[in-house]
Amino acid sequence: MTMEFDLVPAGLARAIEELPLVDHHTHGAVARDLSRTAFEEMISESDRPVPGWTTPFDSQLGFAVLRHCAPVLGLDPFCAPEEYLARRARLGADEVNRLLLGAAGLGHLLVETGYRGEELLGPSGMAQACGAPADEVVRLESVAEQVAATGCAAGAFAGRFAEALGERTRTARGLKSVAAYRCGLDFDPAPPSRTEVAEAAGRWLDGGGGRLSDPVLVRHLIWEGLELGLPLQFHAGFGDPDLDLRRADPLLLRGLIELAEPTGVPLLLLHCYPYQRHAGFLAQAYPNVFFDVGLGVNYTGARSAALVAESLEVVPFAKLLYSSDAWGPAELHHLGSVLWRRAMARVLGGFVADGEWSVAQAVRVATMVGVENARRVYGLG
Amino acid sequence: MTMEFDLVPAGLARAIEELPLVDHHTHGAVARDLSRTAFEEMISESDRPVPGWTTPFDSQLGFAVLRHCAPVLGLDPFCAPEEYLARRARLGADEVNRLLLGAAGLGHLLVETGYRGEELLGPSGMAQACGAPADEVVRLESVAEQVAATGCAAGAFAGRFAEALGERTRTARGLKSVAAYRCGLDFDPAPPSRTEVAEAAGRWLDGGGGRLSDPVLVRHLIWEGLELGLPLQFHAGFGDPDLDLRRADPLLLRGLIELAEPTGVPLLLLHCYPYQRHAGFLAQAYPNVFFDVGLGVNYTGARSAALVAESLEVVPFAKLLYSSDAWGPAELHHLGSVLWRRAMARVLGGFVADGEWSVAQAVRVATMVGVENARRVYGLG
Amino acid sequence: MTMEFDLVPAGLARAIEELPLVDHHTHGAVARDLSRTAFEEMISESDRPVPGWTTPFDSQLGFAVLRHCAPVLGLDPFCAPEEYLARRARLGADEVNRLLLGAAGLGHLLVETGYRGEELLGPSGMAQACGAPADEVVRLESVAEQVAATGCAAGAFAGRFAEALGERTRTARGLKSVAAYRCGLDFDPAPPSRTEVAEAAGRWLDGGGGRLSDPVLVRHLIWEGLELGLPLQFHAGFGDPDLDLRRADPLLLRGLIELAEPTGVPLLLLHCYPYQRHAGFLAQAYPNVFFDVGLGVNYTGARSAALVAESLEVVPFAKLLYSSDAWGPAELHHLGSVLWRRAMARVLGGFVADGEWSVAQAVRVATMVGVENARRVYGLG
């Protein structure tokens, strides 16, 4: 992971390289071997195919895998996809995970387990593979869907959900809402009444439960989460085609942010691409708002410095965090770390080269964003 | 058109310079001599005047004309507008077109003929002037307006339009919709019923036809186009004041994209400025979406590398194309090519200089975006 | 304020450094000494606290104060906030203002007096401190609120307001609307009827007057302003949490811009962050639209060149202006000037280094944007 940038002061580059990053929103790595098809599906946010004359490797993320992960597996950078996949298969999933996760330089992980978590390493598996403590972030909608799956009367839903959430979060460090996917962020921000919740639960459970997308229930889950007091993460911006990007603009959360301000619960806006400037405005305006550019860093590869730069405009430096939002191949956990470090070195090194910041300021901000801010928000000690 | 960039590897710069670009969305060049006023009106998207103390040359596009076209006409770069226009007048339109179009380095042109096409060179004239094959792209709304102009009963409109479209597209390579101008992209995406179409046609024809802007008819044209199966272009983003830029955001096409997905018809989002990141998201999410940053490249001149860079973030590299959207002065056809090549050399050269891409990868992506992707989408062989 | 940039031609850097800037939208500097808390509140747009483990100095604006203002007060750049505030306190407000305002290099100021103007230096105080003429810009809503405060019957409001506005603007150079804060820019653009105005005034005055936010009255003020014929400024984009950023997008003003076009009154969109590209589109499309990136330059500090660059894309160069939007500490007036000059030198110097612009073109555009355009729009002679 050694970086060589002509314009970046050596002390800054080294300090950033050595940061024990807190990845405040990630998922598990897959523990099983992956076919070419399976691997390629996991380096795209789309569930649809690319044109037949190309492969998912023909993208910024694909190029970044070949550039930065190939050397970790003992290959030349920029090798062919076939060569990369053959080496990956020969080494086997355990060794690939050990190499890529071990070289990510993580100090702490917060692992969100709510999306197909049974196919992936859980927090303890990730802790072992990364050599760093890992705690859990619980997805609100998954808890509710599990309650529905066990059979539940409409009138009992609210109580059963509260109980299940209390149980599931006994050792968790945070909560997550995927309202952006389920109903869009333009929902009515006020907490729904007991009657509204019971009615909506009735409609949902009568329909057999399953994917929870009723805005009344989505809001109820959020307000139950706020009650609990754990930091609450929101998916915002870029994601899979399931999402209407227009309705994933974090500015749509303004009403909820203002209503939730008295609770003192930190709200963490995840990813936000291409709305990172909107997120910066919110983080500047409201004391309870924090954000990251997680997923977008991996997906923009050689362009990720542009996102990181845009995230460092109006935000107070204590309000920005690091995440990878990796899910599945350990390449994504590794790249999140490598690309973020390279982007921060370029952007902050540029401020220094321009005569605008001192090296000491740059090191301090990198440490805040990569490590300290998350430790404070989540109370990681 | 020789480029000299300190940071761009010579092999990459040369490869990009020599690409036989496919301009997948352009219009004809004017064949007649132009007065100063006429020329200046054609280097602005606005139909309104600039302040009296300035001229349309005081813009990125104006500066780019003086920088890149003046040498082609035998003048120093950065000459005065008066000098440029005098030389242009002395050479005459034919010679100006021969020089500027001949030096654009085009391999194939798709010429959209639906906007004041009678004032411009048609596909065969453009082919001759550019020394490259040229095919036609047919504007849906123009075909419908021609049907109305010949006299047509409301009940016969749908049939007459289908017939005319079939006739007009016998040798065409693509279709174009200007829904963004006519009713905004936030139209109901579903195909309208026969009754709705007949009623809307009645209202329109009773009013004397003319400019077609009824959303029901605009949608009908789009669905007739999808039926036909030719690649379908949509104006999106930047254009003239006729357009509400908020309603030209390509994200508004999400509903139509999903409904049209089963047809397999490629949808090509044109220009998209300043929404190029939104277009990249759509191209990543949906197999039937492609896009370019055409018109914006000319209009942002010295800043066009920024647009090109933003277009290369989350898009699969097989989903991005080149276009000039030139209309009128051959300067626009020439600049589209020159500015795109310079921007690609700077952006991809930057990825190489940063150690993120190999030269071979950069050459391959430039070739895909400039030539191959369009050849495949339009079946140009 | 000497700038040293390797890539910027010396002649361009010097020309930009020596421009007698017209700050076409600023406020007064505070004349009294400021406590640490008071100072820190004034270098944030938020009225809420930052996390307890940090201070408002941990931001781009805070870093810019330490980098660029500390040397003006005789300290090393990048000193500690405590050291800076101690020196500031020792020098006293008068001397601090003399040093920072005197070194801003201003040629003319337009001072908006409508927000807590009584706590600040007025136009004549600013003229003296800056050594340059200063004229007033009158905030429409403040005039209306003063009319209400003196007691006014609903039916008399329109007349009383017109009278007060005429009185207050006898020597003013411009008007300002804060519709973005009061009702959002998505208001009905048409002038309200006399009856509507009287009814809305009745509701407002019956409620005791105070903060005017009724959209009917906000529109009435705007149309009265247009009638008067003075250039009319609109806050757009970035501001304090009072504002819904989604409803501060300048594209929302399209309807008003078109209705106001026949009046010939220049409309000046202020700040616009992060919507500077939207503002550029409007300035390109409509002859009556001008804009700046004022407030955003200070708040993005080391990143301000990115904003300036984005503002120079499709705008005709005669349509862009300079402002600081400084309010309170003289640091903001000083930084507005220093950061804008550095940003322009970097951006235009980059165009020259790229071989896209000549030095003469760059000097000319910097002079237009920094000085000439405002002189012409406001008739400053």
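By written order: A, B and C. Residues from 1 in each chain.
The rule is simple: a contact is a pair of C-beta atoms (placed from the backbone, for glycine too) under 8 Å apart; a residue touches a chain by one contact, two chains touch by 3 or more.
The shown structure was predicted, so the numbers you read here are calculated from the model rather than taken from an experiment.
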item	value
Contacts common to chain B and chain C (chain labels)	A
Same-site or different-site touching of chain A by its copy chain C, using the half cut	different
Distance from the mean Cα position of chain C to that of chain A, given in whole angstrom	37
Touching two or more other chains - residues of chain A	none
In the complex, chain B residues that touch chain A	249, 251-252, 254, 261, 277-278, 281, 284-287, 309-310, 312-319, 351, 354-358, 360-361, 365, 368, 376
Residues of chain B that touch chain C when the two form their complex	4, 44-46, 48-51, 53-54, 56, 58-60, 63-64, 67, 77-78, 238, 240-241, 244-246, 273-274, 296, 299-303, 306, 346
